[in-house]
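The structure appears below as structure tokens.
The chains carry the letters A, B and C, assigned in the order they are written, with residues numbered from 1 in each.
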Amino acid sequence: MTERFLGKDLLCLEPLTADQIRFILDTAEPFKEVSERTIKKVPTLRGKTIVNLFFEASTRTRISFEFAEKRLSADTVNVAASGSSVEKGETLVDTARNLEAMRIDMVVMRHPSSGAAQFLADRIRSNVVNAGDGTHEHPTQGLLDLLTLRDKFGRIEGLKVCICGDILHSRVARSNIWGLLKLGAQVAVCGPVSLLPLGIEDLGVTVFRRIEDAIQWADALNVLRIQLERMHAGFLPSLREYNRVFGVTVERLEKAPRDLVILHPGPMNRGVEIDSRVADGPHSVILGQVTNGVAVRMAVLYLLAGGRPEMAEAAKGRSGEASE
Amino acid sequence: MAKEIVEFAEGTDRLVLVGIHRRGPELSGRLARMIEAEEGVSIPRGTLDITLYRDDVGTIGPRPVVGATHLPENIDGKCVVIVDDVLHTGRTIRAALDEVADFGRPARIGLAALIDRGGRELPIQADIVGKAVRSGAGDRVDVFLQEVDGRDAVELVRGEGGGGR
Amino acid sequence: MRPVLIRGGRVIDPSQGYDAVSDLLVVDGRIAGLGQGLGAPDGAEVVDARGKVVSPGLIDLHVHLREPGREDVETVATGARAAAAGGFTAVCPMPNTDPVTDNQAAVGFIVKQAQAAGAARVYPIAAVSMGQKGQQLSEFGELVGAGAVAVSDDGHPVASSHLMRMALSYARTFDIPVADHCEDPTLKGNGVMHEGLVSTRLGLCGIPAAAEEIMVARNLLLADLTGGHIHLCHMSTRGSVELIRRAKDKGVRVTAEVTPHHLTLTHEACEGYNTNAKMNPPLREAADVAALRAGLKDGTIDVIATDHAPHHYDAKEREFDDAPFGIVGLETALGLGLTELVQGGVLTLPELIDRMSAAPARVFQLPGGSLQRGAPGDVVIVDPEARWRVDPSTFLSKSRNTPYDGRELRGLVDRTIVAGLTVFRGKAC
């Protein structure tokens, strides 16, 4: 095996194998423990420089990555850039070259254009982690959702998970769909047809047009945020109507044949896609997602920063100590 | 070894056994049972995985497996004896010392190694040694345990050109 | 000017159903003779065309030459030379220049630049509306007088149905077609590729086939209403092909074009966010490609036109959303046609040549596209067996934006002759 197990970058879940995904989740387990210690730090990535390059405002994801990086003892730099190349004046190509010239080890990037993470990864030698590119994928979110489901159910295979909301514009939905399908779950989506992408069934996903049907079927719901912009762009008439027709409410959940586990990538629009009593209720694992987020991101950074097989072989030969 | 550990800790009051992952925990389990049988006291135990504390993240290999780390609640003021199967360069123990320090401040830390094969790259010593073995750089020293490998054995395999010292 | 005798090639002239090994004579810039064993007049240049194909020079009804305004990516001169390298003896540049070609001075400028270049002929297409703003008709009479052969707002659709109706009617006065880039702007929205399974997977905003078909249907109805000649640019969907077929059956005056890329690529070419697969209308599905090929074969689609759209390297070296639409096509069109369509069994060689020479001439009523006596001396000699690899760094065009980089093709232009003068010589293989 002459390739790194995960490759140079983590850009999306679509090309990963089930084996690779499970491996990342397994690697996240010991990192959960690190976050429970008094001294929440391991020296593993000491001396590594990681840049958080966020072209879209995001507090929670950036903070989660920052904790992950600092708990691995890496040096982090946050760069908040505005919008696309066209608006900014400095092209993404130049940004990439500048980072490379500064000998950055890893870049965590969020960008409003689908494909931007791959664009950057193709042009710099540093590891690139996609923290969300346009409406394409948000792989670490997909992974932490999988980990949270696994924690709750003990497995992913055979689980019935329905993703609810604006699937068309959701990178979280796409990453979840890939991750869940690869690990053998049954996947459904539910939302207004105007917010469902063409060809979604061809990916192997069931479509529910009514939230009540989804609730009857599912073991878990991953509830996505509905954005005001969609209303302005004509995809749905109003947030009020969305809540009345698709909102995940206590009343609707009471009719479910079993206790549904509730996930939400955040930030929540309480009272729109999800009721407060559901979000704060006993079946919500939303806070667990946040905790797992740091562990998953630590695992990803650790695995990407890790070395090439030939260096491991050389190290083994030298000290004779195999640490697997 | 169990006797020497109790001597080293000046009794069992403050003794904590911590095995380094892959075979250390099983060894410390056996030692703890022996001490319990002899002294009639239950000894707190922990496991350490030092993968995240290695000084060479670039060489961890493509599929590193990070094991679990569990230490007893409070190790401040205790006598922590680290248990490992083979002591060689000392780098694993250095990493273990760093990791234990992140959990608290023991009064004393000692090292019990089943096999000391020489070849130190750092100034580290074992306080309790099962057996010292001479080995060269190209040799392999492997410990097999019933709980992990289905048998108890220690094997020294000479490498070519390694030649014993 | 020396006469030119092209000897021993397989002469294919679809305008008169001719396909035989024979000689072709060009004198004083015009076709003077076609037949076996022609004698060479005094001082004639004799070109040995044995093993080659000799046909009327190709005509491209849809190119973008970027001058005036974007001379950094192409000029009339470089475009005309690129055309000649591709076997084209005439091209029709679209008016979405800067400033827009909506007045006689602008049209005249382009004609003059082309004459100075001395490569392929250039017949400008002028704007339908002033500034291509879609509000006020431009002065068709003045534009035609200066040399325009058609009107179009390409780059943009003519969104207003009223304006299109007026344009079609008014154009009848001058017997020119109105060429439309068929697209409903509200359905296109922020779309950057075909709306389908690939756009769903890549997370890119899609343009549905309906965006084109709606305007195709509208244009056909208006052509029927006005009796005007509507020319539909770069068709891309099977639905469009079907609409055109039925309209032609009814006798509507419609002509249509398709690009080489819409005949050979699908939306899968966008995988990996390849900006050289980003164009408008977008590449679509295999079923669309099949329908376009069938339409080209049965005459529903009249011509192949490249929609040659030069863009700067930096512009395409960007996130997919931000990259401009379009690819160059003049220097790969014939090779693609020969390799994918003729060798691929979709068209015969005479049919391909017809769709690229006789048919375009007929659609825009241009001189050329024929080897009948007295026709312009515009000839292309092609080596149909020559194998070559597409290398954009060797293009005569200033721009390099093509998805066919590295592609192996068969069929290379050997020589291009315009008005009896050789304007391009291929490298001898």
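The working rule: a residue touches a chain if its C-beta (ideal position, glycine included) is under 8 Å from a C-beta of that chain, and two chains touch if they have at least 3 such contacts.
All values reported here derive from a predicted model rather than from experimental measurement.
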### Partner chains shared by chain A and chain B (touch criterion as defined above)
none
### Query
Taking each chain's centre as the average of its Cα atoms, which chain lies closest to the overall Cα centroid?
A
### Query
With chain centres defined as C-alpha means, what is the inter-centre distance between chain A and chain B in Å?
38
### Message
Taking the mean of the CA coordinates per chain, how far is chain B from chain C in Å?
### Response
77
### Query
Using mean CA coordinates as chain centres, what's the chain A-chain C distance in Å?
46
## Note on the structure
chain A touches at least 2 other chains through residues none
#### Entry: Complex interface listing, chain A residues touching chain C
14, 84-86, 91-93, 111-116, 118-119, 133-137, 171, 174, 197-200, 202-203
### Task
Spell out the part of chain C that touches chain A in their complex, as residue ranges.
195-197, 199-206, 208, 272-273, 314, 317-322
## Note on the structure
In the complex, chain B touches chain A at residues 22, 49-54, 56-70, 86, 88-89, 91-92, 98-99, 102-104, 119, 121, 137, 139-141
### Task
Would you pull the chain A residues touching chain B in the complex into a rising list?
1, 3-5, 23, 26-27, 29-31, 33-34, 37-39, 41-45, 48, 302-303, 305-309, 311-315, 319-321, 323-324
